[in-house]
Structures are given as C-alpha cells and as structure tokens.
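Each chain carries a letter (A, B, C and D) given by its place in the written order, and its residues are counted from 1.
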Amino acid sequence: MKNNILVIGGGPAGLEASKALSQMGYNVILAEKEKRLGGHLAKWDRLFPDQVSAKEVLDSMLSGIKDVKCFTETDVNSINLLDRSFNAMLSNGITVLADAVLLASGFDMFKAEKKEEYGYGIYDGVLTNADLEQAFREGKSSNPAPKAIGFVHCVGSRDEKAGNPACSKVCCATAVKQAIETKELYPDAKVYCFYMDLRMFGRHYEDLYLRAQKSGIRFIRGRVSEVAETAEGRLLVKAEDTLSSRPLKVTLDRLVLMAGMRPSEAGHKVGRQLNLSVEEDGFFSARDGLLSLQKSKLPGFFYAGACTGPKTLPDTLHEARSAAMEIDRYIKENFRK
Amino acid sequence: MIYLLTTNLQQISPEGIIDRYPNSYNHFVLPFVIGITFILIYLFIGLIRILYHLTGEDRLKLLKSLFNPKTAWKNIKDIFCDCLLHTKIWKRKPLLGYMHSAIAFGWFLLIVVGHIEVWLFAPRHLSGLTEGSLYYPIFYRFFIWINPAHETLRGSVFFFIMDFLLLYVLSGIGLAMFKRVRSIALGMRHTTKPSLADRVALYCLWLIFPLRLLAEGFTADLSGGGFLTRPLNWVFRAFFGNELNFLPTWWAYSICLGLFFVAMPFSRYMHILTEPLLILFRNAGLKVRHPRKGFAEAEIYACSSCGLCLDACPMNVQKKNLKYSSVYFMRFLRRHNKRKTREIAEKCLMCGKCYALCPVGVNSPAIRRAIRETQNNKIQCDYSYLGKYAEKSSENPKSGGKILYFAGCMSHLTPTIIKSVETILKASGQDYEFMDRNEGICCGRPLMLAGRGDAARQTIEANSKIIRNSGCTTLLVSCPICLKIFKEEYSLKGIKVIHYTQFIDSLIKEGKLKVSKSSSAIVYHDPCELGRGCGIYEEPRNVLRAIAELKKASKERDESICCGYSLGTLTLDEKDKAKIAESSVSSLMAENPQEIVTACPMCYRAIRSKAEVPVKDFAEIVCENIENNDKN
Amino acid sequence: MIDFGFGVSPSSRINLDSADKEKFNELAIAEPDVLKCMACGSCSASCTAAAFEDTSLRRAILSLQNGLGDDASKLLSHCMLCGKCTMVCPRGINTRHLILSIQKIYSL
Amino acid sequence: MIYEGKKKIWAEYQKEIPEDHYFYVRSCIRQSFFPASEATFLDITRNKLGKDIFETEHHTTCGGIAYHSDAIPQETVMTIIARQFALMHKYGYENYVCSCITSFGLYCETMETWREYPELQQKIAENLWKSCHLEFAKPKFLVHASDLIFKYRMQIAAKSKFKLVNKNTGEPLRVVEHIGCHYSKMFPSKGVGGAEYPYVLVGMVEAWGGQIVDYPERRHCCGFGFRQYFIKSNRGYSLSNTHKKFESMEPFKPDMIITNCPGCPYFLDRWQYVIAETQGKTYGQDGHGIPVFTYEEVAGLVMGYDPWDLGLQTHQVSVEPLLDKIGIPYDPAKKYLGKNGKYLGEPEKPHCLK
C-alpha cells in the first residue's frame, strides 16, 4: 500500500518535494491555493545571479511531478490529527487522510503600501520588485524611456516598525539583478540603488554587484526616507548618503521597492489549526534550528522552504529534498515495521 | 649638380663602345648623387634644428665636452664600439652582433678603403666636386674600367681587401635576410613591424651589396678584382660573352644607393647617422628636457628600430602589449602622433629594461617621463603641509643616531621589512633613528615618475630639511624607489645614502654582523629601481651567497623582469600587472629554487602574490641567518 | 535688503539632479576603475598624506558621484601619489591614475 | 497621484471624535499671534453650531515650551498636565480639546508614557495631590481643536456663505495644508488620516470647496522649532526651513496655506517677509506673498465673518488679493481699526509683500 503524503503549497519547495516523494513511491497529493503552480517563481522573469529564465526553471520542475495529484485553486479548509495520520478537508470537497504532511506555504510579499512614505499605490511611478518582474515577463518597456530609476532595498525588511526586523535575504541580489536589467533596457537612464548593507553573500553575487557598478549603476548607502511628487509628476526621492553623512535628493521617473518576505497567511491558517508554534518574526519554528530544520514539533508534520524564514531558491530546493528524505525516514520508522 | 652633368665631357675613352663616356662621369651616378646630396642637406638642416632646440646651457655643455680630452676620447671609443662594432649586441647575442657589425663596420671599411684606393691611385678625383669626389670613390671600379688612363690591375692587396670586406658585408646581409624569416635563430622572439619607408630602405640595403658584387664582377677583368669578383667575371664571360650587361648593373647599384639615401630619413636607417650625435650628447651629460625636441629628437632618430626592446619589455608577455614597446613609441614620436605617444607613455612600467638593453642607448623612459610632465606637471596641489611638518620635526631633530633609517611609504605595508631591518641594526649594535616610524613624507619618486616634477621637488625639499637637520651621516633606505630619488635628486652633502643591501653587505664585511650559511637554495630578484635604476647588483648577491646557495634566474641583473607592480605605470591594469608578475616569477623559478628573495617592498608583495615557493625580503632572510650567539 | 543678523543658510543637501554628469562620464572613460569603488576605505586608511591633512580617495569618489567636484579636488590636493592605496585596494583600482585623472578633469 | 491610494490610507487612520461636551484649553501664544482664532473657534462651536464647549480661567500653560526647551523636567510637565486633566474632571467633562499642537503632542506623549509606565502615572497622581489637592483623572477622549472643526466641517459647509473657489474662473482654490509636527508625526494613530497624509485639514478644504496641493516638502517642519527660534544666532536655521518649504511649493502655485498649529502660520507668514527682504523673492502671484491662515480663520471666512473681525489684519502677508479672489467683501478703511474703532497702528512695511 502506498502511503499518502499531503504537500501544502505548490511553489518551488512543494514541487521539488513532491517530485522527490513520488519518485520514492509515495502517493503525493499537492494542494495549491492559486490557479497555477509555481508560487512566486511563476511570476518572476529571470533569476539571480545568472539571469536564467524563471519559466524554464519552473517548467523543468513541473515536468517532474507527473505522478503527483495536484489540486490547484484549493485551500486546506481544515486539518486535524487522527491517531497517527492527518485528516485534511480541502476546499474542493476532497478529504485526504495523509500519513505525513509537508507544509511548503512559502512567503507572502510585504505589502509595500504599508510604507506610506514611499507612496506605493499613490504615486504612478512607484512599483515593487514583483511588478517589475511582471513587466519584464510581459516584455513591456516604457515610452518615453525613463531618465532615472531608483531601487529601494529593504522595503519591509530590517524594519521593526514595519513588523519585520529580519533581512529577507534575496532582495539585495534581486535589486542588483533588476538594476542591471533595467540599465540594459534603458542604457541612457541613470540607475540608483539605495541600500543599507549590500548582502551579496552567495556565489557569483559579488560578480553581479561589480557588473552593476561597471555598467554605471550608482549605489547609495542610505534608506530612502520619503518620496514626493514634483509639479511635473516625477518622483522626488530623499535619502541620506550615509557614506558622506549628508542628506541627498534626486528626481526619478521610477522607483522600485524591494518588498521583503512575510510569513504566508495561508500557511498560518494551517498552522493555527494544529497549534504549530511560530517565532517572533511570524515564521514557523522548526524542531531544531540546526539539526531538525525540516521537522515541526508535531510528528509527521514537516516544513520546507520559506515557511520557516526567508530563503533563496537554491536553499528552498535543498530543504525540499531533505524534507522528502525526512518524510521517507518517518514513514519507514512509523508505518512499515 | 647641373654642373656635374655638363662637365668633363671632353675626356673620351679610346676604346670603341665606351668612347662617348667621360672618364670620371657617367649618367648612372646621378641617382646616387641625388641621394647623397639629399641626405647631406637633410642631415645639415636636422643638425641645426636639434642644436637650436637645445637650451643655451646644454649647447655650452656640449661644446665644452667636445674639447675635454676625456670625453673626446670616450666619444671616439663609443662611436667606434657602438656605431660600428656594435659591442653591446655582441655581448648579449653574438650572432646578432656579428650581423650588425658586419653590415656597419664592413660597409664603413669598404668606404674608407675605397677612398684610400682612390687617394693612392687617382688622387685628382678626391680634389673637388668637379672631379667627382662625391661619387668617384664609390664607383671607382667602374671608372678604372672605362678609363685606361688609370692604372689598372694595381694594388692587388686592395682587390683582396675590398672583396673580403664585401664578403664580410654580404655575410651580414645574408644573416639579416635570414633574420626576417626566422628571428628566433638570432635570439629575437619578436621583431619590429617595418614601416613602408623601412621596407624600401631595407630592400635597397639588401640589394646594394649583391648588386655591387655583380657590378664589380662585370668590370673585374679590366678594373681588377679579388677572389670574389674575378671568378664572377669569368663566369659572366662564359655565359654572356660580351660586356654590354655591365652598365645596367651599375645603374641598379647606383639607384639602390640613391634610393636608400632618400628613404633614409624616413626609415629606421637614420640611426646610422644620428647615433654618433646621440653619443656626443650623452657623453656631454645632456638630459631630456622636451619630449620631442633637442636631445629627444636626437634619440628619436637614433632609434634603430632593431626591436631588441620588444623582447625586453616585461609587458610583452602578452602579445597585445607589443604596441607599447619603445620601438613603436619612438616611431610614433617621430610621426608626431600625440595620442599614441601619450598612451604609450602612460602605460609604461618605467622599469628601464628597454633602455638598459638598447644597443643605441636610447633613453625612452626619460622621454616618456617628459611626456607625462607635459600632461601632469601643471596639476595644482596644496603641499604647504609638508613644509610645516618639516619645520616641526626639525625643531625636535631625531638626535643621536648617526644612521637615519627611512622606510618609505610602501615598506609600511610590509612590516616584515621594517622589523627585519631594525633587528639587524640592533644585532650589529648600530646607533640609529627611525625617520618615518609614525608618519613620513613620500620620497617624491612616485610624483617624479608620474611627471609631476614640480610637486616632487616640494617633497624632496621637505624631506631634505628633516634629513639634514637630523645630524645623521648615513641615510639608510629599504625601498629602492626611494633610494633612486635620494641618490639622484636630493642634495644631501656629507650624508651617505645607502640601500640596506649595501649596508648589510658592509656590516658583514666589517665583521659587525655574523651570518651562517644554510643549505637552502634561493634566487634573487633584482628590483628595477635597485638594479637598473641604481646599478646595485653585487652587494645583495654577496650577502645571499654567504647565507644560502644562490641560484640563477633565467633573466637577471640588468635583464631582470619587472614584477609588474612598478609605480612607473599609470594606466596598466591589474590583470596585465598580474601577468607580468607571473612571467617574472617563472624567470626566477628557472633553477627551481626553494625560496625567492627580493629587496623591494613592491616586488615583495607582487612576487608573493604569484610565487608558489616562499618569498622573503632580503633583510628578513638575513635576519633568519644571523648567527645565534649574536642574536638579540 | 535688510540685515537681520541671520539669513537663509545654504542647503547641505546633495542634489543629484544638478550633479555634473558630463565630467564624471569623461572621468569614467579616462579611468573606468572609478566605477569599481565599493567604499571599503582601505585607501584612506593607508594614505600617507592623510596623516597630515584631510585626504581620502574614497570620499573623493563619493563626492564626484554626488557631483561635488570641488570637494573631491580638495580631498586629493594633498596626495603625494605614493601608491599605497593602489597596493591595498581590494578591487584593484588603479588609484594613482584615477587621482591624476580627477585632478586633470576637475581642475579645468 | 492616485487619489484612491490616499483614501485607502485615510481609511486606516480613523479617529474617534465625540460630537459634543468638551473641556477647552487655550494655547499660550496663539492669542497674541492670531488673536481672533480661538475666539472664532468658540463662537462657531458654541453659537453657530450650539455645542457645549467649556472653558475655565483656572487652566494654565501645558508646560510644553519649557519642556521642549529643556527648562523643566518631565515629571514637572506631567504634573502640570495632570492638573489640567483634573480641572476637566472637576468641571464634569471627559472630552478634552486643546487649541495648541505642542500641547496636543505633549498630552499624547504623556498619556502614552503613563500607559507604558503605570508607576510613573501613580507618582504623578501623588504629586498632583500633594501640590494641588486635586483628584487625578484622564480624559476619555483627547482631541485637537482642528479635529473638532474637521468633525464639524460638513455642518460648517452647510452654513457657509463662501466657497474656497476662485469666483472669476470657478476653479477651486489651490490650497497647501501644513500640519503641526506634533499633531501626528509622533503618534500617527492619534491624528486624523495618520502622519503621512494627514486628512484633518484636507477634509476641511475639500468640504469647503478647495483643492489640496501636495508638494514635495509638505512633511517638512515650518521652521519654528523652539530652540532654533529662541536664540537669534540659530534663527537662520529656522528661516532656512521655511525657505525650503516655499521653494518646494512654488512650482505648484498655491493660492493659500492653511495650518493647524500655533507656530506654523506665524513663521510661514512672517518669514515670507524676511525672505523677501533678504533674498528678494516672493512666492505668490504678482509679487505677493502666499497668505497663511489658521483653520479657524478659514472656517470663519467661509461662514462669512468680517475678515477684520477674524484678525486678518495682523498677518504679514496681506490677505486682500485672496479675499478678492473668493469674493469676500471687506472694508479696506477698517483694516487697522480695532473692535472699538480705535487705530491699531500698522506694520512698518505693509507693502513689502504688496
């Protein structure tokens, strides 16, 4: 008999784990709340640091889940523990009795309009990293070409007042990547990146930074304090250039806000029903931060990806694979004696 | 010239076909006469121009030197050795040396002996232009032949000598042709890409002597000939039968000569005539003051475009950098190409190797610096603080020490050097003071190299004040860059400026420092500024031989390859520098030493970054080998 | 005009809109390394002249990016071109040529 | 500018303002700066709108000026505030409305501090009893006088005689609003519309027919700043702040400025004169300045009060061009005559700003 495994969330973590689990011979049921699989990856155009196409990456992931039962536009209405197995009622009316559950609910983007001073939703030229990716995907370019474009790092990250004191990990590299792509699209435009610390920690990330610098992108160390609209409808951006300890202003046509990662609301909904604990930052707490990253405090319930904190795509995929291994071990120890 | 064309037509040869020729003129001499006249006028104007551009002071210096017996003797010696015998090339590449001297010295002797012959047998034709003195000795064999009035078949010794010299020259030409095909056989990896004028002159030069052989071969029956021309004459007779072929060859010979002279000012061969002038200038102690005029112009035209600097230049480890070599630099200077010359001037490492290896002794680094001066000397900066600091530190002179140690800016990035020098000073019981332990003024050499001489002089002035007021008798320097300028530009009367390699050598010789010999095999890298810059090659080697087994680098002493991180370059990028450092290290590793030793903070850092064996500073390795009972 | 004993003080704010981009572009062509600075400060920390006067290549580059050419010239006017900054720069910036280029382009 | 976006933000910062029964506390400086504003407030609320606004002569300063100038410690200022609140309680009120923004900010700060540190509140209650024998109490609702006018803006509009509209073109007047820094920047939730896009004055202007103008430096301080203004050598700093605001609003060609703070209208008004004298620059039309008003003055104007009864003759920047633009009648001859008809005297250079 094949054991049922329920995977909640059809983003990279869910897809990668489902693939691994189905290859191990489990009966995998995947529930995704959105219309299409892929999570945020499905909305992205190119990925740092090598600017590979997000679509190609996703397509290759999707090709591995042929044996997985995927339910899209499906919420987990309720879930509870019955003896050793989990009983989940899905919004499409199906009830799943699963021997193990993998939560891969990922993250929600920080709502950039919460940073009122940046004027997202108020000024026409202010957009988010996700908006820009969408524009890239659609191959849209502005006419007339913008003359000056700014990127604000750490929007809703490292910001206690915005409710997220932590770093979202991917925004710096994303900003630098998007800045390069923007510069390529509008070679005559001035491109500015407003950063606090440039966290280019991964392999090739520093190269990306150097490439951006060489292409003439200006990095200004300082958080944007406020944005206003000029009489001509352009954006007047104020920040401090902390390296010269002086306030600075610049008029831009576009301002791209690097919205950070917040815990997924849908994930919380599942967590609340099983009394799973979250840490102060709102992300789920693993059983052990080093040794049992994929395990929750509840036997049979596992985590993968950004539901336990901001992660890059490779990190997420690694977690998904290790979660699959943990689930396999759990099933073998508990159900096949 | 018109006079030449119309005169002497009355003298007719008694023999049939050549009756219509005057006995000391023939139309074929015209190309030669035009050529030689052109070159003589060109030379005269050029000389006046160069002398005009010299400063009054320099002209006086030159004049004085000409009458100073010592310099006059040196002038003669240098001109003979450098221009004719090419002893400098002989020393480094014998085959190449032979080639050059064969052509230069052989040709020179041909001309001299030719004139002696005429002087002996037809002295009238040396007496004036109307007698053809300009061309007669050159075409002597022809005129003997057509004019039975001349004594023929006289002086068989000369026939032999002239043929021998011709063979000598031809052997050189043969080698030159071979060099074009396979330069590496003569020890040259890269050769200069010739310009159009160079090609014209070159092919003329190649043709001149074979044509002369042919021409003289045709006339050898009557005009006499030696072991070369006489047999050739027999062969010609056997094949052609009559003498009608001889005139075109003489024409060809004359045309080649004429063309060669006309092409000369536009080609590399101008060096043949300019080099003696350069020798006079150099021996008179003149310096480059302007990047294109006066002394520089003499250097520019003295460049023989031989291309020895191509292999010398450390940048040329990458082929793309060949274009920055001195030979092309001189060519662009000659063509007044300001953009290119500026680019090359700024790229150069100023390691001085091209100058050291140049057979003509063209000091192209000095011209590069002069170009940099035109660009950078006008930059306005504020160095008023230097004077204030010198004033302040002079108020409290660093007293006591007879030795004043100046580490220099760069040594502060290599604390090993400073620590080791201090250890040695202490171990040998020296009374010293550290001039720039906490802060110090730059020696000025980097500014000087960047073409900011005026600024450099301000740092020199401030440092001089501090040094003079310190009461020291010896200024000990650990950085060769500083050493060079301290020696050349500072006036520190009564104070001995010494590099730590020299200092340690003398300490050991005087028995003040005892070192023990280890079994380790080491190689020594000659820093540019220390070796080629200050001529210090022996002292460090003396010391190193005493403490270890000294191996050889494939290029060392004045052929040492710059480490690439010279302060001389302004625009060379990091990647190119790294490549040069690699090539420097690979030369050092020729005999697989266990350690590399150098005596310059820049070289130390550069070589360390590329070497796979431990790299030590000179003082550091001496420290390691101080005999135990003497160690602090 | 009345002297009140006080008046409008000049703004210390950097205005990137009015920063001279032409000269900076000229500089970036003469020495593209100017774009590579990551503001680590190694140059200023090792600077020989900085022991005496306010000298900082790092801040000079920043001033140029902010269109403050005079500030940059001032920060480099004491430089002795000793080259220590070239040696310590982790990005391999040709600092001496950069300094010379700045001095040439921004002095005119 | 996406208006809907701003509305979303306004929707998040709704403040509960009771309709009636307020204990009113005056500002220290407004009575001399804008002498008729507080009187107009009381007249409108009590007489025109029939509200119960109680005032007692026993109330004092809130201590804010001394506190912000580092002249008195926090416990002292808190005790002064506790006394004000105790008076309110004594007279049977639980809604507290103050005329001054500095006071409003300080009350908010004090209430928040007491909430976070109950032991401090206890101590202040003891101080209050020891010094005044008054019973400690806290207001149930704390509002600023402008909150109240905002609350009544529709009632005022219903009774208005004039609209903030250019009578010649029919276009709404372009109005710049300036909010006192201590209104909502410290506690965005305490202000109507929050701190980023405060709605309190915008609401009034929109209700009375005007059009609000957002200019880049709208968030910037007017330049008052107690320490900056009190010391002459620092006054240039104060002036420079005001100058920066005018430079920023200039391209938007505002017709008027409306404010809700004691210091702001004063400095925005008077510094225009100093800027004109030192920089030779004016920001209004035809060499005029931009007239600056308190919200009570604007309410009074739309309700048809005589401009001179509103004290508009005490402004540095002459208001007549604006009155003409709206079509409010006034008697130029009476400008410098007091309530009793006596000549008040007039500024040395009334025409500096035309």
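Throughout what follows, a contact is a pair of C-beta atoms (placed from the backbone, for glycine too) under 8 Å apart; a residue touches a chain by one contact, two chains touch by 3 or more.
Keep in mind it's a predicted model, so treat the numbers as computed, not measured.
K.L.:
Of the chains present, which has its C-alpha mean closest to the combined C-alpha mean?
P.N.:
Chain nearest the overall C-alpha centroid, as shown: C.
K.L.:
Taking CA centroids for every chain, report which one is farthest away from chain A.
P.N.:
B
K.L.:
In whole angstrom, what separates the CA-based centres of chain A and chain D?
P.N.:
Using C-alpha averages as centres, the distance is 46 Å.
K.L.:
Any idea how many Å lie between the Cα centroids of chain A and chain B?
P.N.:
Chain centroid spacing, chain A to chain B, equals 67 Å.
K.L.:
Chain A to chain C: how many Å between their CA centres?
P.N.:
Computed from C-alpha means, the inter-chain centre distance equals 39 Å.
K.L.:
Hey, how far is the Cα centre of chain C from the one of chain D, in Å?
P.N.:
About 46 Å, centre to centre.
K.L.:
Name the residues of chain D that each touch 2 or more other chains.
P.N.:
Correct list: empty.
K.L.:
Of all possible chain pairs, which ones touch?
P.N.:
After working through each pair, the chains in contact turn out to be A-C, A-D, B-C, C-D.
K.L.:
In the complex formed with chain D, which residues of chain A make contact?
P.N.:
Chain A residues touching chain D: 113, 116-117, 119-124, 226, 228-231, 233, 236.
K.L.:
Which of the residues in chain C end up touching chain B in this complex?
P.N.:
Touching chain B from chain C are residues 31, 33, 46, 48-49, 51-53, 76-84, 86-88, 92, 94, 96-97, 100, 103-104, 107.
K.L.:
Which chain B residues qualify as touching chain C in the complex?
P.N.:
Within the complex, chain B touches chain C at residues 346, 375-376, 379-383, 385-386, 389, 409-410, 412-413, 438-442, 444, 446-447, 450, 452, 455, 459, 565, 567, 570-574, 602, 605.
K.L.:
Touching chain A in the complex: which residues of chain D?
P.N.:
1-2, 4-6, 8-9, 194-197, 214-219, 251-252
K.L.:
State the interface residues of chain A toward chain C in the complex, per the touch definition above.
P.N.:
190, 192, 209-210, 213-214, 216, 218, 221, 241, 243-244, 246-251
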